[in-house]
Amino acid sequence: MEKITRDALKKALLDITDEIEANQDYLSELDAAMGDGDHGVSMTLGWRAVAEKIKSLEDPTIADLLKTTGMALVSSVGAAMGPLYGTGFIRAAAAAGDAESLNLSQLTKVFEAFRDGVMQRGNAQVGDKTMVDTIVPAVDALKGAEESGSDLISALRAFVVAAEEGMKSTIPLQSKVGRSSRLGERTIGHQDAGATSCYLIFKTFARSVAGGSL
Amino acid sequence: MKKLINDPYKVVDEMLAGFVKAHPNYVRMVHPRGLVRKAPPKKGKVGLMIGGGSGHKPAFIGYIGEGVADGVAVGNVFASPPPEPALEVTKAIDTGAGVLYSYGNYQGDILNFNMAAELAAMEGIRVETVLVTDDIASAPKDQMEKRRGIAGDFFVFKIAGAMAETMASLDEVKRVAEKANFNTRTMGVALSGCTVPAAGKPIFTLGENEMEIGLGIHGEPGVRRGKLETADEVATDITERIIADLPFQSGDEVAVLVNGLGATPYMELYIVYRKVAEILADHGISIYRSYVGEYVTSLEMAGCSVTLMRLDDELKRLLDAPADTPFFVQK
Amino acid sequence: MKKLINDPYKVVDEMLAGFVKAHPNYVRMVHPRGLVRKAPPKKGKVGLMIGGGSGHKPAFIGYIGEGVADGVAVGNVFASPPPEPALEVTKAIDTGAGVLYSYGNYQGDILNFNMAAELAAMEGIRVETVLVTDDIASAPKDQMEKRRGIAGDFFVFKIAGAMAETMASLDEVKRVAEKANFNTRTMGVALSGCTVPAAGKPIFTLGENEMEIGLGIHGEPGVRRGKLETADEVATDITERIIADLPFQSGDEVAVLVNGLGATPYMELYIVYRKVAEILADHGISIYRSYVGEYVTSLEMAGCSVTLMRLDDELKRLLDAPADTPFFVQK
Amino acid sequence: MEKITRDALKKALLDITDEIEANQDYLSELDAAMGDGDHGVSMTLGWRAVAEKIKSLEDPTIADLLKTTGMALVSSVGAAMGPLYGTGFIRAAAAAGDAESLNLSQLTKVFEAFRDGVMQRGNAQVGDKTMVDTIVPAVDALKGAEESGSDLISALRAFVVAAEEGMKSTIPLQSKVGRSSRLGERTIGHQDAGATSCYLIFKTFARSVAGGSL
């Protein structure tokens, strides 16, 4: 496998919906420890909307799929997640342009745009204990793999490993932004909910597009 | 989780359906998640849009009406609404004089309302924003811009709404809202957690002898957990902190709000109020007007908060102005 | 027991101290357990005294003011007041036109208020009494005189208070109060018990999947215990029973009250209201006016009740009349 | 012992206060099963007021003591208990007249007046599941003992035994009056709170005036 087709992307987005729904309680529990306990609910609502919208698209392009995902998240979730993930996907769509499929180099550009969208919208940096802590190392790993000439599958593997490490890196951190930042030191020792949902999204994306080979 | 609900994912839509049916003289829907006053806005009046997540009744939809808000964008439980309903409400309440957005200082609300404001600007509507930042427990005083908005919402909305009713300009409405916010300080305690319906489990649980101190209004834990104290101890602790924060001084006149978080009987709120009034008297601070009851809640959480707003003549006049909304009527 | 209180034996006195301090423009004390309106009564106006045990806030002290009650005798938590405060209130609000006592139909209240009425008669004050008996779950229809008064209190007090404001005679005020009571029917459910502060333990506890059906407002158990149902099922069950009881008929106009018992979020009350409104529409019964919120509570009990009052032109006029009390203001 | 002196009566009333206070939780629990769970609270408040008033009396007569008890109960308790017990004691005071002490025949008259006061005020009959179920058999036993010429101590013994039986007789009954009557069949199987407080009052009175001899 060297490219991600539209169909593979579509399937991946629907797989993400299932994964989020399956982890709803887990995400809400993580959020409850230092936030308002609704992250699983927001994500489930958002991804249900994504799945519904995506299923109704006729012959969508890569950009259509990403933009529809972003718009569905922005217009259905609210919370912090709607604008953050939503902006990420909308920017990713713009970066995809009219690509018919995504090779590793194109995929890297798409994820860089996703990362930049989330970071510009939310102004969080690595170490603030947010989804950014998952995104940045994961996208770095993708970029690194691309630059070192690895194949798509190995790159996706590095991407998932880095995302997981990024997610886990939030555990010892003290929250600096968002709702949980008001809890100060009480946030130390808890894995961030958004970093976790982001890991689930990245992991499911990679596994889904890679088929059995990851 | 014991709740009188049907589908936990439909609580907000079913609540809104009930609300609109119960108060047809006050409100109408302009979007499945956007309500505005029934009466069309007076030409040239600044619109006041408030909003945020659900689960804070009477905030926010209970405050739509004369003397308070023109419209409310409604989110899921404890989740900011998306930009779309906010945009629709903005369009419906703008009469050319612009719209003030006022809401509690939360990341999610800011992100979504700012997107709505950008979209509104593209349609030629001027939007200004005043964030409520009254919760002194949520950040130190030198980082006031990081503080959350909690029960102080009520005072800020009341003042801004009263000013808008005088046909003042958007800049003027914004000015008094900022003044109200600057002079408003709150702190709260919780005796029990609450449950987001779709999450199905309490956000936190407390032992028989514990309370959360300095909590928000989204069921989130407070800044610390302590042992359960008497009403007088709690009232003294939070009132002294509030007084020291502004600081309120001898000779000041204040409005007081003792706000129940949802499950605390009014009896307890008055017991707390009694002590707050005593402490204020000791400090030479005089009470101009008091509100005791449920003004901004956190589902079925038990606990309360105390809010003080320092008043000048302008704020007094605006506080005294009449209001007529489903949940707050003042003659 | 987690409560924001000090001495559990002093909750009522401390609450009253706070209440009088918080609402100096509305009320004054004529006895440590007796409050009356701040403004002296208009000569020739019939006085309306309401009252009962504490723990039902806003009932009863929250309803002192223009358009509702002239005075309230205040008991301990869930315990009728003794005759003395009732007598002092009676003397303070009588202007020669007599005083109507109206309160829920409970043995303790009847015994004590009747003693007060006898003592008042000895001082030359004419007293009449209208007991509220709206709770259809508490006795069959052929024993209406045995039924308890619960949330329907609010409608009866509102109607009687509005009539007294028109300077009607004691007989006339009594007549409309009886008419309001006859046309008012309520039924409720509880999802949790509550705790009398000095008793320190919940009166009853319920399992995760249980509710009490047909309960009063003193935390007492209901007439039966059942499994927890959805909001729509609960609303359907109690609304159909209420409709069948009077019976309400197609073409009737009604006032609706969905009353929270203390800990139930307003969100749930509106979800219930939505279904009640649907059922009434199905029966061809039209809603003239609605009230949703906490009007008569039972400390921190979770649950709600539904009340319907059948209206005629006179009751509509009296229901629409303005009111201005600490907890209920209507323009 | 053939007579109950003023001092003995005074001591008995103070002993009752202690007994009620010691059984406060028990009485509230009984009430919670079918009422509003406050009977112990009401009784404690009422008898604390009684003790306070009685201690402040200077050289009270039998009638003063009984009347003060009744007035304290009427004016401090409220609830159903204030008027019921209050009226009982006020009528008992009237029956005591200017007696300097109470012999068995006088005591019987005093308790008959107490019984009639409670029953007239509350309109409850034997079998309605109230304090009347304790009072009536106890007073009957006193009267029977008097008529059969027994001594005061034996009469008091019969009085307490009958009161206890009366109290227990409420267990299988269905409540007919008062708050609990709305619970219908749910009241069956529970001992009535008022019947129990009345038994405690009668028992403590008898033991106190009899000294060690009961």
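Should a chain be cited, it is by its letter among A, B, C and D, assigned in written order, with residues numbered from 1 in that chain.
The rule we apply is simple: a residue touches a chain if its C-beta (ideal position, glycine included) is under 8 Å from a C-beta of that chain, and two chains touch if they have at least 3 such contacts.
All values reported here derive from a predicted model rather than from experimental measurement.
With centres taken as mean Cα positions, chain C sits 54 Å from chain A. Look at where the CA atoms of chain A average out and do the same for chain B: the two points lie 33 Å apart. The multi-chain contact residues of chain D, meaning those touching 2 or more other chains, do not exist; every residue touches at most one other chain. Annotation for chain B: residues 77 touch two or more other chains. If you sketch which chains touch which, the chains link end to end in a single open path, with no loop closing it.
Chains touching one another, given as pairs, are A-B, B-C, C-D. On chain B, the positions that touch chain C within their shared complex are 2-6, 11-12, 14-19, 21-23, 54-55, 57-58, 62, 77, 189, 191-192, 206, 208, 211, 228, 230-232, 234, 256, 258, 262-275, 277, 287, 290, 292-294, 297, 299-300, 302-304, 324, 327, 329-331. On the chain B side of its complex with chain A, the touching residues are 9, 53, 75-84, 106-108, 111-112, 115, 135, 137-139, 146, 148, 196, 198-204, 216, 218-221, 223-224. The touching residues of chain A, counted against chain B in their complex, run 25, 28-29, 32-38, 40-42, 44-45, 74-84, 121-122, 177-184, 186.
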